[in-house]
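For clarity, chains are labelled A, B, C, D and E in written order, and residue numbers in each chain start from 1.
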Amino acid sequence: MGQDIFEIVVNGLKLIVIFLLMVQAVPILVWVERRGSAFIQNRLGPNRVGPLGLLQLLADAVKFLTKEDMLPNQAVRFLFYAAPVTALIPGVIAYCAIPLGTPISIEAFEMFGRSWGPYVFPMQGFDIGVGIVFVLGVSSLAAYTILMAGWGSGNKFSLMGALRASAQMISYELALGLSIVGIIMLYGTFNLTEMINAQQGALTYSAFGHQLAIPALPNWGLFYQPLGFILFFAATFAEANRLPFDLAEGEAELVAGFHTEYGGFKMLMFFIGEYAHMMIACGLVVTFFFGGYLVPYMTPEQVQSWVATWASSPNAVSAWTSVIHLLSYFVKFAFFMWFFIWVRWTLPRFRYDQLMDLGWKTMLPWALANTILTALVVYFAHTIK
Amino acid sequence: MLLSTIVFLPVVFALVIALWPRENSLRHLALGFSLIEFILSLKIFQQFDPSSSSLQLVEKHMWIERFGIQYFFGIDGISLWLVILTTFLTPIIILASWNSIDKRVKGFHAALFLLQTAMLGTFLAFDAIFFYVFWELSLIPMYFMVGIWGGTRRIYATVKFFIFTMVGSVLMLIAMIYMMYLTQEALGTMSASLLDFYRLKIPFVGGTLLSLQSLLFFAFALAFAIKVPIFPLHTWLPDAHVEAPTPGSVILAGVMLKMGTYCFLRWIIPLFPEAAEYWAWLFLLLGVIGIVYGALVAMVQPDVKKLVAYSSVSHMGYIIIGLFVFNSYGITGGLYQMLNHGISTGALFILIGMIYERTHSREIARYGGLASVLPIFTIFFFIVTMSSIAVPLTNGFIGEFLILMGVFEKNPWFAAVAVTGVILGAAYMLWMFMRVFFGPKGELVSDEHHPLHDLNAREIGVMIPLVVMIFWMGIFPNQFLDWSKASVDHLVKNRSSYNLTIKASGSHDPQALPEEAAQ
Amino acid sequence: MNHSLLMAILLLSPFVGFLINGLRWRKNGPNLAGGIATVAIFISFICSVLLFVDLVSMPQEARRIAVTFFEWIAVDRLKIGAGFVVDPISAIMILVITGVGTLIHLFSVSYMHHDKGVAKYFAYLNLFVFNMLILVLGDSLVTMFVGWEGVGLCSYLLIGFWFTDREKAAAGMKAFITNRIGDAAFLLGMFVLFMTFGTLNLHELNELAPTVAEGSWLGAATLGTLLLFIGATGKSAQIPLYVWLPDAMAGPTPVSALIHAATMVTAGVYMIVRLNAMFIAAPNTMMVIAVIGAATAVFAATIGMTQWDIKKVLAYSTVSQLGYMFLAAGVGAFGAAMFHLMTHAFFKALMFLGSGSVIHAMHEEQDIRKMGALKKYMPITHFTFFLGWLAIIGMPPFAGFFSKDLILEKAFASPLGHPLLWAAGVLGAVMTAFYMTRLMALTFWGKSRVPKEVHPHESPWLMTIPLIVLGFLSVVGGWIGIPHVISAILPGHPANILGDWLAPMLKVPLSDAHHHLDAATEWTLMGISVVLAAISAAVAYQFYVRSPETPDKIAKALGPVYQLVSKKYLIDELYFGAVINPLIRLSKNLWHHVDVNFIDKITYVLGDLVRGGGSLVRTLQTGNMQLYAMYVGLGLVAILSFVLMR
Amino acid sequence: MTADAFIFWFLSLITLGSALSVMLLANPVYSALSLVMTMVGISALFVTLGAYFIAGVQLIVYAGAVMVLFVMVLMLFDLRAELQAFSRGQISGALKLATVGALAGLIGGALLLSAGNVAEPSMAEAAKLPPDASKALGIVLFTRHIFGFEALGVLLLVIAIGTVALARAKGGTHAKH
Amino acid sequence: MPSTDVFTTITLQHYLVLSAALFMIGLTGVLLRRNVIVIMMCIELMLNAVNLSFIAFSKFSGRIDGQIMVFFVLTIAAAEAAVGLALIVCIFKRFREVNIRFFEHLKG
């Protein structure tokens, strides 16, 4: 966590900030979703409360908080209450592993009569060596939330929904994991920061000792793993239980799936969990395939030297550089979040067997093929050099 | 590559047979395959140098380095003829079982080929563990052969057969492993090569069973003795023979029993020279008892097949005493008798199978007067009987004569007792022959509803090669013995410090040349 | 002509005959089959004659034609080739075999004319001749053994020729197995000789034979020859292994003539003669041979006197005559043995063929009580049989007289001989005269007892010609061995041609090199035997022609003794009761009690132990997996404790 | 107390506590969820031991897949708290407990003994492994332990086929006759 | 060894004792629980305990092979769970029974 109290405190604060950011992003996303869906469906959407209906978020929050807390008769009390709480945890923890910008380095300074630092604070919750493995591992825990909720509700619709959801998650986890094996092999690391760093500069294919540079394009993972990207992105939809894969809460069949019995703030928690999943997905997509927090066509050094032209202290340079990257990240991130919403209101829902077929019979083989192909390319690019 | 090809080609055949889609052309295919194998095995003669006692056509590759276990094939004068015998009998067996095997034909032929591989491997492997693999492998197809295509008590017989043989093998495996450790002590590296085993000097103390060499000796000997089988361990044989289908019996008597005697020659005698010498009396005694006992019991059998089975016990007794006198006569005779017994007892079983196909009975008492109904069958049976009772100019005589001579040189008293086997052999065979073929027609023979037909062309075709071999081996034994002479002489002369060198074969193994020169 | 080619033709001609008839056994008719077979033997006969002529033309010491076709067995010191030797001894034998053989084949053509298996018959017969030639010509004991067993095999086949009759088949088997007993001893004998002398070549063995007579019973020569002699008793039907020969009469009569009278049964004698040097070196063996020979001669003759079957009488007579030959061999009179062998071949073959002719005429009736007065129906047969009768009872100057006389003389005078042996010989001769006369009388003379439905007739010429030729030989055959005392009074006739011919091959008993009885003793001995035989014949004639009721009275008077003799001393029953049945009982007991009830029981007990242990341990296997887990845990505890406590 | 020690004690408390509840709780669903907790705890312990990759895999495989299966099955069966969660047999129960006790004693004894005898490198001293061992792990896995790896691949294939076969069997393993 | 050290300095022993404790808990569960699924879970627990000690050994001996072992154990555990659960589901579908004592008699 850190050498001294300052670092620990800062790191702790960082975690809290990220958590709060995620939680606070949800109402905005809900608004975007509602407005977006209205836009897509050629209607108005929320527009009464506040400008552009922005204050609708606040109103909704108040409504959720003040709703009656219901416990169904058949419910298992402990699980029923535990589920919404746990729904938050995996998403948040996983998100903490995603780097959001270049690290901020603070030079040594005097405070409270002793010298502190120097420090380097990465712009992420924490940097665990095997980032992607950790993210996948933690996010896979989300299945329990659904199961707990579904079974704890004591309602067969809930249970069915939960079973469907968890089966779906397990199935798509395979495709998800396999689709990024290619990118892992390509970059030769599990570490997300290292992956991002590998995407600096212009696109350059190198194989068999030759190099082909395309300066017009950034060196993003997308151009190396287009198939991996498609598969990964599609799988994240399933992982997040979003349309077109939201079978778990198919209204026509299961009322509302595992959260049929939930209302009020508990319901909100599930919402937050779902959006957290989306955020992780988007964060990962950006990280793997779109250069993460990198500013296209510029390396962090270039950005830093540009910042140095107008910022004063080294600390400021470092901070501004990080902020610029943070912005770059959020732009990309926002696009994919919008993409999620866009898809939700565009595509119809799959049937359950189609879902499973897609997962096992289409995506898994393609992911395998992608893996093998990448392995061959990587192997030969390394050996015939 | 020749030996590997010979050993493993049948596996390929077995696979092809197992996958062959058409039932009706299966037997032709199998016959063709077995003939290919036989012709291939004749190629050995082309490459084999009879004047050398070394191991020839060697193929040697490390298999499991850590334990010094090798993929090691080789051939010398001792194994040569047994290999040929195996490949020779297989087409005959296939032809003989043309009609008698009518269920699971595919499985049967596949098992037969698999068995062939196992037997050939046993004769050709020169690495203990490698050998053991083949030795045990041979049990499995045989187990199925008796168990699936056998008679009414087949399960009893198979289980008995299997358990008897397994009991011995286990001890042998232990002894082999122990010897591998001995090689580590003596040579520095662990080795399972038989050639390295030969180099061992295993301590021997006379007068006690508990010296190392004696213990190893008995561990091996028990396995082989059961396979042979030597007198008190023989009771599985009649049951297995009676219940086995004709081809099973032929293989069992023709080749599998030889695996036991061959291994006495290949393993026991050179590996444990002092123990073998010291305990020779025991094996001579058991062999002689086996001869007389087998003959006596054979005499009173009501079932033809059982009679022949007990006659096998008697004949195998000859081989054992031949081997355990350690002189040229005995060992040559024993080796020759292995071939003889393979051919003549094999032929007897085939003939019994033929008559069984016609009458579905093997009970001697229900026959009689067969000679006037089935004259050709009678002629063949008579010739084979003559071979079995060792009438001169048939193969049997050469073997028995040499064995008895060898035994006489070692100990006249054993020879004197063993010679009674000559009398008793004639007695039980001819008595059976008389009851089955002569006299008034028995109930089966005179049954008007089932007139018996004499041998057809196929069956005559089966018998002709066997009869030719019977006389060829009886009249020109030297043509056979010459190929084994060098090896046998080498064994007899250097028994106490036996060693086999590897003969450089062709040009593909230039490494062996300096070795050969050094030795 | 090239000797090896000649030898090959000699040997292979019968074999080719065998092959032709054997492979076409369904197709060849009686005339074709018989023709082929007879020609085959006749070719051999011609070869024999040619070889004989060659042999005669050689100097006396070098009379030996040896041919080795190929090396047969060669292991270590043992080197046996397919080698064949014609020397004075074997020359005589091949002449007899092929000569008499040709005649008997000829006879068979007619005799077996109506038999369905005639081609098979001739094939066997040819095979027999082939084997007999191997036996006779073989240059080593092993080659001889090949023929030895081969003729036994053919004998087996021919005795059991009419195999649908179980009795006959059994007789064949009995012959073979009895012979096998002898053969086993023969094998051992060979081993003894080989281990001592390092060779089995007959010539070399004779050379290597100890020059000093062995006194011990366990000396190599003694033991070896004794064992060989046991082999000979089997083949040549001596006590105690003679039992098969009377039964062997089950075969067709020409077979009895060829195999069981003229050739095969004399193989034992021939073998002893071949190895005479070795036998001479073993006086103990010689004594045994002489005693057994003499005993057999008397013993068989007594049985012969009581038999009613024409062939059985002849069979016992054969046994008895073979006894004479062994007696001769045993006293070292090998020449005499060979001489009697030859003459016996002539007259006994004649008598068997004659009896065949009679049986043929009587429609397969062999009981002489149902014959009588056949003289008028079959004159030629009667006449030739009569000549044979005279020869066998030793009437001068017929063949049998000379040979038998020589034997008796040697038995008396040889250093290995003894007056008792002589006396036994004379007794035998007397009895021979009696039963032979009895046979003549009951068959050809006296009153006819032929059943009405039977119409005896003379045999066709194919049968009578061999009779006539053999009859002639029975008369003159003895003239090649006329004793010195007689040749002295017979000017122009050389004495003992045969003896001189054989002399280089034979070793005479020690200290007998120039031993001769004085003429007076010789005349006396000769006179005694001839006179006694004549008296005996006369008595028999009296009994069976003049007063046919006397024999019955005597038989009654003798009571149990007669019964015993007429039942052949119950020897067969003795063998069955004392050897064969106990052996079969023993075998059954071994099978049931040792194999099934002991060895298998042990394995069952072992199995039961395992099974019992299993059912004991099975109680642990409750199916409760948690208990199993506990056992695993306990095992872990045990292992850990062991590791920690160490 | 250092942070390392604190984390260790904290995690071991969680792990042991949830493991005990796996064993003791009568409701199998709670047991399963407790086990998930244990897994997560052990995973965290792996992290403290520097085995990041294994920790992640532990989460993915155990917590994310295996235990989900368990929970799904339990929920599918709808098993509530059982009346007889534990075996009733008193003697066998005592025996079983004795076995466990003996084993625990032995292992504890062994550990104690070794503690006295073997000089252990402490955690700080033992950081010989690279901080991110995943690469090294991969290299060792695909070189020295390639056979085990391939064998496991075969095993998994067999298991996959077998499980599918079991799942497709009509009427389960006990088809009605 | 001072008593504070036991708490402050984390050694291999700590991990091993923890591992052993987990193992014993798992074993007790296997021996005493009735529900087959719980028993299987307890087995998983035991496997995990072993994994922990593997990793600890790996760490303290500086060798990576321990981690490989864990990797293998994980795979096998997953396989075992898959088959075991499939069997249990099959049996449950037919008999509605998960009591281990019921499994003693596997005859249908």
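Simple rule for what comes next: contacts are C-beta pairs under 8 Å (C-beta built on N, C-alpha and C of every residue); 3 or more make two chains touch, one makes a residue touch a chain.
Quick caveat, the model's predicted, so the values are computed rather than measured.
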item	value
For chain E, the least number of touch steps when starting out from chain C	1
Excluding chain D, groups that stay connected where the other chains sit: A | B, C, E
item	value
Steps needed, at minimum, to go from chain B to chain E via contacts	2
Leading chain pair when contacts are tallied as C-beta pairs	D-E
Longest centre-to-centre distance from chain B, chain (CA-based)	A
Chain of greatest Cα-centre distance to chain D	C
Distance between the centres, which are taken as Cα means, of chain E and chain A, whole angstrom	33
Between chain D and chain E, centroid-to-centroid distance (C-alpha), Å	4
Chain B and chain C, separation of their C-alpha mean positions in angstrom	38
Euclidean distance of C-alpha centroids - chain B vs chain D, Å	57
For chain E, residues that touch 2 or more chains besides their own	27, 31-32
Residue numbers of chain C (touch at least two other chains)	626, 630, 633
Contacts with two or more other chains, residues of chain D listed in rising order	53, 57-58, 65, 67, 69, 76, 87, 96, 99-100, 103, 107
In contact (per the touch rule at the top): chain pairs	A-D, B-C, C-D, C-E, D-E
Interface residues, chain D side, partner chain E - complex	1-2, 4-5, 8-9, 12, 15-16, 19-20, 22-23, 28, 31-32, 35, 38-39, 42, 45-46, 49-51, 53-54, 57-58, 61-62, 65-67, 69-70, 73-74, 76-77, 79, 82, 84-87, 93, 96-97, 99-100, 103-104, 107-108, 111, 114-115, 120-123, 126, 128-129, 133, 136-137, 140-141, 144-145, 148, 152, 155-156, 159-160, 162-163, 166-167, 169, 171-175
Partner chain C, residues of chain E touching it in the complex	27, 30-32, 39, 100-101, 103-106
Complex interface listing, chain B residues touching chain C	160, 163-164, 232-235, 238, 293, 296-297, 299-301, 327-329, 332-333, 368-369, 371-372, 375, 386, 391-393, 397-398, 401-402, 404-405, 408-409, 412, 415-416, 419-420, 422-423, 426-427, 430-431, 433-434, 437-441, 475-478, 481, 485, 489
Complex interface listing, chain C residues touching chain D	626-627, 630, 633-634, 636-637, 640-641, 644
Residue ranges of chain C in contact with chain B within the complex	25-26, 70-76, 78, 142, 145-146, 148-150, 153, 156, 160, 163-166, 169-170, 172-173, 176-177, 180-181, 183-185, 187-188, 191-192, 194-195, 583-584, 586-588, 590-591, 594-595, 599-600, 603, 607
